[in-house]
Structures are given as structure tokens and as C-alpha cells.
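Two complexes, one shared chain (chain A), two partners (chain B, chain C).
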Partner chain A sequence: MDFLIFQVPILMVQASLDGILLGILFALIAYGMALQWGVMNIINIAQGDLVILGGYITYFMYLSGIHPALGVIVAPAIMYFVGVGLYKLVINKVVDRDLFISILATFGISILFMQLMNFAFGADVVLANSDFGTTMLFNNSVTLPNSKIFAAVISIIFAIGLVFYMKKSKLGRAIRATAQNARAAKILGVDTEKVYAATFGINAALCGVAGALVAITFTIHPYMGLPYTIRSFMIVIIAGLGNLPGVAVSGMGLGVFEEFADYILGTEFRIGSVFLLLVLILVYRRFKLSRKREYLK
Partner chain B sequence: MKNNNIILYAAILIFGVVAPFVLPAFKVQLSILCILIVLALTWNIQGGEMGYNTFGNILFYGLGMYLCASVQVGMFFPLAEWTESGGEKTFVHTPSQFFQGMAFGLLVAAIVPTIVAGLIGYAILGLRGHYFAICTLGLGVAAGEISGGIEIIGAGQGFTTPPFPEVGNLEARGEFFYFLSFIVLILTFVSVKAIYSTRFKLILNAIRDNEDKAEAMGIQTMKYKIIGWMISAFFCGLAGGIMGGLVGYIDSTDVAFDGREMGVFMVLMAILGGKGTLWGPVIGATIFHIFKEGFWTFFLGWQYVALGVLIVVIVIYFPEGIMGWLREKYPERFGEVVDEADRKAQVELK
Partner chain C sequence: MKLTKIILSFVSALAILLSTSVTSFAKVVGDKIVLGSAISLTGKYSSNGVHTQNGYNMAVDRINSMGGVKVGGKTYKFEIIYYDDESNPKRAAQLAERLIKQDGVEYMLGPYSSGLTKAIAPVTEKYGVPMVEANGASRSLFTKGYKYLFAVLAPANLYLDVAIDLAVEKNGGKPVSVAMAFEQDAFSQDVRLGVLDAIKRTGSKKLIDDKLPKELNDMAATLAKVKAVKPDVLVVSGHTKGALTAIRQIAEMKVDVPMLAMTHCDAAKLSKQHGKNSQYALCASQWHKTLTYKDDFFKDGMTYDADFTKEFGYAPPYQAAESSAALLVFKDAFERANSFDKVKVRDALADTNMQTFYGNIKFAEGGQNVDKPMVLFQVMCDGDKCENKVVAPTKWASAELIHPIPSWSQR
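Presenting the complex of A and B:
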């Protein structure tokens, strides 16, 4: 326990700003998860590993001399096809089955990805340095790396872009129709198989963007995927499916919580506190609902 | 049929007793197999019979492991200095100290996780389906991360369990742990078999098939769910305690709360053998262990890739498991009455 943050109040501003910028990034990943959960009724444990894979694509661009900021365009383009491939190979066999089957199957994919990335890229913690510099606020007492601001702005742009795409485009309408009622959509001539593949691809592409941003602002490591999955799951269950402003707000809330936990409990308990928070939120909701003899659906 | 069963049990029992002397090279593997079967059997109480697919039994396993080792050390020596020395031979257990410590340790390792399961169960067994699965997954990982930050049980550098004492010139470590785990296996199997022949099992099945209806029938589902989880936790804690002594070294995320390996293994073994059957987890665990050891030896370094593929293949293509497949093929053997004419008609229809 360390209460420095209460003795030096300016650290709270620092933690809050860091948390909000981080949370916007989480919200982007959670958006992808909400999308495929809502449309395909699948919980993808490999979500975080897709993020890390996107990060490695950016890292390799950085190594070969291309500015890593371009990763936010290249990584989603590659990841879209990874997502579609994954759908064709595995996910299409678990779409209409028990949810636990999809959890286990994607857990298997997650382990597979983790290890393949470990072989391909090594077990070192790496980052793609963007050389964006830092911004100083409040008499130099709060420092914000510009890369974090960049990450937040790009996340918002992609999220808004996707919202418009879902509203206006033909595929977007097909996706929304399938989410509402897959059978009816099929009858009305929507090729749901294609819609599912595209949805999973879009989800993977969003993970790719987020991964590129993670590689620029933080660090990536083959085994760091699962916390991102848990974070996005948590954000989705707090906000509810299809509640975009809710996803954004709860994402930021989670980011701020994490930064404060980091300052107060210490960095070694950071991930642990995220997982504990998930359990606490679920338990809280369960007791609240059980008063009305209901349960989380 | 009855006679056949007795012969089968006798054969397994004799094999179990003789095995470490006939196959001395596989003593450790056989002990691990016993532990794996225990874990699969107890997972099946939740996942198979009750329909609550948990990733959280690893919590009790890891808890039992840490508790057993801590008690075994803490009864005779200062725990903090032991972990700090990292297993240096400054403190040595005499044989009587070792066995006393182990006995008390296993007792604590069985009882405390049971209580913990009761408390946690009250909180989270009200969740259903995938919310329960993810919540337990979170619990397991959180336990690993948090125990990795606690200094007195070794934090990141791990915890060395007391080495087996030398009794005279006998090197009996392998036999000791083998028989310990074999006894726990028999204990678990007998208890689970006994449970499965009572009303309790029917209640668990009712919860699995339709919890709301079970509740409407006047069954206090929460009570039975908690009891079911506590039974699992009891045996998981015991298994963890033995495994800690067998491995000789406890690390928070790689050995004790190893959600990525043991936590998934127990689910996988039960599914491979067949959920919701008595023998399924036993068969599944045995086959899985043989497969795994093969992979681990021949594909060294690629084992997680193999594991990932294995999970996907088992889950997608064999969700009913071996017992489920057998049941479909030979329904008569499972006591299902099949009308011969009806069956022929069905075959012709195809």
C-alpha cells in the first residue's frame, strides 16, 4: 500500500488523464467484442491475443524503418483477413452451439496464438517507439506522452467511423439485421454466413488498430493478451450490448480505476486488481438482480 | 454385470498397488495421473452434473498447494526465512517432522479451500452460464497474480517445498507420493460414486437441465450448488497439497494457479472422456495424460501449440466425449432399452 497519491494531489490529475486516455483504447477493443458478441453470440477469449498480434505487425513495421503510426492502417488491413480466416477455420463451427463451447474453443485459439507469437517474435517485452514527444501541463507537473493522445484520437476516429459504417452501408445494415434475428435475415436474403465472417473480420481489424496503438503507447509481449480480453468483457457487461456511449464511459472508468490501483496497490497487483474488479462487479450485479429473483442473462 | 464390475475394480486396485514396483520409471507420471483423474472427477461434479462450467477449481488446487507447503514449513520453522532462503539447506525436516507436517498440511489444504468454496460459492453461484465461466476464470487468474505479489509465500521467486527426508538408506519418495495420490484417488472415486447414487445427484442434474423449474419444484438450488462446489474444493485442495510436495517447487502462476495448463486440463479431460458420467473423467484423464506426455516429449517447445489445437479439435468434434460416443453406439450397455424394430426402422429411414 502506498498513499503517495493522496499526499501529492497533482498525481491524481496525472492518473486520471492517463486512465481516460487508456480507457478510450480499452473501449475500442470492447466495442469489437460487443459487436461479435451481439451478432454471433460468441465470447472470444482470443480477443486480447488478436490485439497483441496487431501490435507485433506494427512493431515489425517499426523495425523495418516505417513509422509505426502507419500501423493503424496496415495492422487492421492484415488483421481483417486473419479474422476471416479464423472464422472459416474454427469459429463457424461454434456459432450456433453452447456458449461454453465457444469460450473453450477460443481459449484454445488463444493458447495457440500465444505460443506461435512466442516462437515467431520471442519472449521479450517490446515497444514501437513513435518519437511523438510529450506534452507538459500544469507547470510541468503532469506529463502526457503525445503518443497516448494520438492513440485516443485514433481510437475515437475509428469508433465513429465504424458507427457510421454500421448505420449507412449495406453490409452494416445486414450485420444489424442478423444481430436482431438471424433467421429472419436469412429469409430476407441476407447471406448470414458472409455477415458472420465479415463481423469477425471487423472485430479482428478493430483489435489490429488497438494493437498498433498499444505497441506505440505501451509495451507488447506474447502472453499479455488475456488481460485485454477480460477488460473488454468487463466493459461490455457493465455497459450492456449495443450501448456505445456506455462502452466509452465504462472504458474510461476502467482506465482510471487501473491507474489508481497502480498508484495505491503497486504495479505488481495491477492485473490482479482488474480481474478482482471483474469478479466484484459480477457479484454485485448478481445480488442486485437476485432481489428480483432474476439473473444475468 | 455385477460380477464384471467387481472384477474390474479388483483389477484396477491390484494394478494400482503393483504399478510402482512393476513400472518404477513411471512412478511420478502415475502419481500425476492420479491427481489429474481426481481433478477431472471433481470438475465433472460442476461441469458435467450441475451444468456450471467452471474454470475456478484451479483456485482450490492452488490454495491447497500453498497451504499444505506453508503449514508443513511453518509448523517447525519461521516461514518468512524459509522462503527467503529459497530452499537452501539451513532448515532440514527430520522424518517425523516431515510426515507430521504433511499430514497437518493436507488436513488444512482440504478444509480451508472447502470453506473458501462455501463463501465464494454463495457469492458467485448465482451467476449462470458464461457469466459464471468468465467470473471463475477471473478468480483463478486474480489468485495467481495476487499470490505472486505476497512476500511471505515467495512472491515472484517461488516457494520450495520441504525435500523428502532420507529414512535410513531407503529412497522412497516416489512410492510415498504415489501411494498418497492413489489413496486420494480411491477416496475421491468412492465418494463421487457414492454421491452419484443418491438424490443429491438427481438434484444436480435437475439444476443442469432447468434450474428455474428445479427451484419451482421446491429445491433450494443454491444450497445444493454450494455443497457440490464444496465437495469439489475438498478434493481439489487435497490434490493440490500432494502435487506441491511432488513437484517440490511452487510458483504462483506456473504451478499453483496455472489457469493456462491445469485449469484447462481438468475441463478438457472431463469433456474428452464424457461430461456427466462417472467413468468419463477417468478415461479422459488417462488418455489425455498419455497423449500429453507424448506431445511433451516429442514436440518439446511446441507443446502449447499442440495443446491449443487439441482443445479446438476436442471441443468442436468431440463435445460429447468418449463415453457419449460409446453411449450412442452401444446404448444397451448403458441400460437404455432399445426397441429392435424401432432401431431397424430408423436405420432404413436413413
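Presenting the complex of A and C:
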């Protein structure tokens, strides 16, 4: 236990802001996962690998002299087609099947992506420098990298944009209808096959945006995808399916919780404490449901 | 029916017997001494695996073209059988078995990384096969009582303790305060133990001791703590990811420390990926081209650097240099043993006492090289061009240590 954070209270501000910025980025990835989980009932283990692939697209732009910030436009455009391609090749064969089959299939995709990226891009850890500088607050005692602020702002823009798209556009309405009841949507003339492909494409595009932001704020490596999958999975579990504001809140909440756990319990317990929180939340939910005499769907 | 079964099993038994007896001659075939190595050509260690392989190959070509190995009045050439271990310890151990049992290899070269060396060492030990390794530095490799394991590199606990000594020296011999952040893996934790020893020895104070999870690529919390407690030295070790993340976030968060010491700077291509932001970082290295060690095959570090760059198109990281040195050690041992007997070669290896372009090599009881100190270089920039310059030990220093590091507001 370390009480430095209580002795130096300004660290609490730093921890909260770091946590919120980090959480927003993770929430964007979780948002994509929640979307396609809700619509297609598929848990995508390859989520993190799509993020890393988006990161590599940005990295190569950076290498060829283009500012990596533009990756947030180019990476999702490319990743959308990667997503649609993946759907046509693999996912459409598992979409109506047991959840376990889809986990296996996406797990396979994940391994394939890791190896292919390793083969194509090499095993070096790389990053894209944005040179965005730093924002100093409270007489320089709190520092916020502008790249992280940029990441949070872009994430919010994409998330809000998507919410509007889902509400207003024809495809968005079709996606929501399919999520509610695929069979009924089909009877009413919705081409569910097309909706599924678009949903998976949109998810991949969101991963592309997140990947671009990861390359700008952190580092990328072919084998670094899994933590992003796990994190977004946890955020979705805590928020509940189909609860988009919940995804944002649980993303930020987890981010802040993680930072505080780091300061108080020590860095080595950071990830562990997040898992502990997940278990507690699941036990609590179970308890609440059993009191209401409902059943878990 | 029964008869055919008996004949069939007899024939297959014979075939198995023949195949093993044929390959068991493989250790020395004609004028070739066959060495075996499982190496990471794919998977997460593939970059460093390739550096290792290039280092081995370069030394094999050089030794073969300069007269080979003389044993019993006859000249032999080196040849290496490689298998790809996919950066996977289990696979590496299987491949070591295969090299020894099926291919009949009787002398091994190490894989890349401490983890994979740890997986292979019990196998080579079981079969009494001498292994010279160049890329497994973890202290635990040398405390298990292995008799057939020899490492040309300095063990991990010696990587950064020099930095603490240097900081104390710069502080006028007075103890310093230290903040540490180490990844939770065998290698980094060994580096940490070395730093802890140095802290104890110098009476210094440990302010922060963070253990970074493997999947973490955000050090913001650790660095915010560093900003708050203001230590004299910040020590970071977490492979290439740790080095890159630390430099990026130290620059972004404007963390001012008088001394920053880390590992894996050249593997991370720090000065290339981060440019001026990496300036003043102190890095532990097994080897640097400007060191003045010499041998007959590669002459010295500068020549090795030039030759390697010419052949492979990139400057050799220390992982390549130490791998080349492993072959020089084998050649020397074969010639002194004047035999291909595994035990005699092993004993000759244990008696090794030589200088290579990479450094002096002399093995302790546990197999680690005790005759080659680590060097520290500092990233120094002239305009936008950054270079690594050796600053410690003073015997090889090509530049004066810049201490304390200028604050971010003055840069």
C-alpha cells in the first residue's frame, strides 16, 4: 500500500484525468464490440488485433511522411473493407451458430492476424510521433499529453457520430431492427446479410480509429492486441449489451479505477484489481437478479 | 499373417536403428563440425532472433574462410542446423531434443532470450551437450548448477547497477534516491535485483519500486509519482516496449530527473524512433562498437560494425555481436580440447580465457561470463542527429557523461 496519492493530492487530479482519457479510448473499442455483439451475437476475440492493424496503417502513413493524425480518417476507411471482407470470408458462416463456434472462429482470426502482421511488419515495437506537445495545468503539476486529449476528442466525435448515424440513417435503422429481432426484420424486407456485413465493417472501422489513436499515444506490436480485446470485453460486460451510454461511463470508470489502484495498491495490482472489480460486479448483478426472481438471459 | 507382422516389425525396428545410427555421426560429418540451434525466426522475438542468426552466420563464414577449426591436425569447417522455435519455449525444448536425438547434434548454440534458453538448458544438460549461448542473461540460468551451459554475455543483474554507482559518484560519493519501474518478467526482475544490490551497497534510498504488468503500455501513473517524489535516478527496464513507452511519456509529461537509466535502447532504436526526446538517456549495453577489444577474426568493434553492415544492410545490435562471439568461443574450445569428445569440449569451454572483439570471455562456475563488464552509453544529439556514446566505464568512455540532465524547460 502506498499513500503518496493522499499526501500529494494533486496526483488525484492527474490520476482522474489520465483515467478518463484512457477510458474514453477503451470505450470506443468496447463500443464497436458491443455493437456487433448486440447485432450479431458474436464475441469478437480478434477485436484487439483489428485495433493493432489500424495502428499499423497509421504507422506506415507516418513513415511515408504523412502526419499520423490523418490516420483517424484513413485507417477506418481501410479497416471497414477489411471488416466486410472478414465477414464474407468467415463470420457469415458462424453468425447464426452457437456462441462458442464464433469465439473459436474469431480466436482463429486473431492468431492468423497476429502471425500475418508479424510476418509482414516485423516484430519490432513501433509508434507514430504526433509532436502534439503537452498541456500543463495547475502550475505545471498536472501534465496532459495533447496526444491523449486528441485521442479522447476523436473517440467522442466518432462515438457521437455513430449514435446519430444509427438513429437517422436507413442502414442504422436496419441495424437496430436486426439487433432487436433478426427474423422479424427479415420478414419486413431488411437484407440482414447486408446489415451483418455493414455492422462488422463498422466495428472494424471503429477499431481502425482506435488503432490510429493507439499508435499516436502508445506503442504497437503484432502481439499486443489481446489486452484491448479483454479490456473492451470487460467494459461491455459491466455496461451491459445495448447500453451505449453505459459503455462510455464504464469505460471511463474503469480507467479511473485502474489509475487509482495503480497509485494505492501498486502497479503490479493494476490489472488484477480491474479483474477483481469485474468479479464483484458480476456477483452483485447475479445477487440482484436472484432477488428479483428473474433469470439471466 | 502372424509371420508378416513379425517381419514387418523387425524391418521397422531395423529401419529405426539404422536411421539413428546413421544420424549419430552427424556431429562431425567429413570435414564439417555440425552445430545446432533453435532460433526465433517467427513469433514475437523474430527481430532479435534474426539478429542472433545473422551473428552466428557471419562468424561461421568468417572462421571457415580464415582456415576453419584445427582438431587433431585436420581442418574442419563449422556448419549450423537451424530450426524455427516460433518464439515458443515449449517448441524450443522439443527442437533441442530433435536436434540432439534425431539430427545427432552434439554441440549447441543458444536461442534468443532468457526464457527460451531456460527451456532448452535442461535438455542439453540431460544429454550432456555443451551449449554456448549468447542471448540468455537471466541470473537464474546460472544458479541451477548447469555444467554444459556457457554464456558469453554478462548476467542480467549487472545491467544497471553501474548506473547507481555512477549516480553516487556524481553525487560526490553520497547516497542517492532511486525510482524504479521494471516489467514483471524474468529478465527485468533480474535487472531489478542487481539495482537493489547496488542501492544497498551504496546506502541509497528506494523511493518508487513499480512492477509493470506485461500487457501495460501506459506508464503515466509511475511517471506522475516520479514527478512528485523527485528522485536522483530513474531506472526503467521493460524490453523495447518499456524503453519506447518510457521515453515517449517522459517527454510528454515533462518529467525532470537528473539521471535516466534503462535497458533495450538499441533494440528499440530509441534515437531513431524518438529522436531528440531520447537525448541524455543512459542505456545498458553488452557491447558497443567503439570498445577496444580485439581478435584475429573480426579485428575490432569498428571493423565488425562495418563488415556486418556491409553484409546485412544494417548496423549490428549487440545481440548480433555476442552471437558471433559464441562461435569464436567454440572454435577456441575445440582446438584446445583437440578432440570431438563432448566432455573434453565441455572442459575446454570451462577453461576458456580469451579476448574477442566483443569482450573478454572467462566463465564462472555457473557458466556466466565474469570477465566482461557492461557498458553504459548515453544518447547524445547534435541538432537532429542522435548517437549513442559510451560514457562508462571510464576506460572506454568516448564522451563525458552529461549530468544532471537539463530540465525540459531548458531544452
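We adopt the following convention: the second predicted complex is superposed on the first by the 252 of 297 C-alpha atoms of A that agree within 3 Å, B and C clash if a C-alpha of one lies under 4 Å from a C-alpha of the other, contacts with A are read in each partner's own complex, and residues count from 1 in each chain.
Note that a residue touches a chain if its C-beta (ideal position, glycine included) is under 8 Å from a C-beta of that chain, and two chains touch if they have at least 3 such contacts.
Note that the structure is a prediction, hence the values are computed from the model and not measured.
Judged by the touch definition given at the top, the superposed model places A:287 against chain B, while chain C stays out of reach. Of the two partner chains placed by superposition, chain B and chain C are both touched by A:226.
Of the two partner chains placed around the shared chain by superposition, chain C is the only one that A:8 touches, whereas chain B remains out of contact.
Within the superposed three-chain model, A:115 lies in touch with chain B and with chain C [touch as defined at top]. Touch criterion met: A:147 reaches chain C, while chain B stays clear of it. In the superposed model, A:268 lies in contact with both chain B and chain C.
In the superposed model, A:93 makes contact with chain B only, not with chain C. Within chain A, the residues touched by chain B in the first complex and by chain C in the second are 115, 118-119, 226, 266, 268, 271. Within the complex formed with chain A, the chain C residues making contact are 42-48, 181, 184, 210-213, 215-218, 220-222, 224-225, 227-229, 239-241, 244-245, 248-249, 252-254, 268-269, 273-275. Across the complex, chain B is touched by residues 43, 90, 93-94, 97-101, 103-105, 107-116, 118-119, 226, 230, 233, 237, 266, 268-269, 271-272, 275-276, 278-279, 282-283, 286-287, 290, 295-297 of chain A. Across the interface of their complex, chain C is touched by residues 4, 8, 10-11, 14-15, 18, 22, 115, 118-119, 122-127, 129, 134, 136, 140-141, 143, 145, 147, 218-219, 221-224, 226-227, 259, 262-263, 266-268, 270-271 of chain A. Looking at the complex, you find that chain B touches chain A at residues 53, 123-124, 126-131, 133-135, 137-139, 141-142, 144-146, 148-149, 156, 260, 264, 267-268, 271, 301-302, 304-305, 307-312, 315-316, 319.
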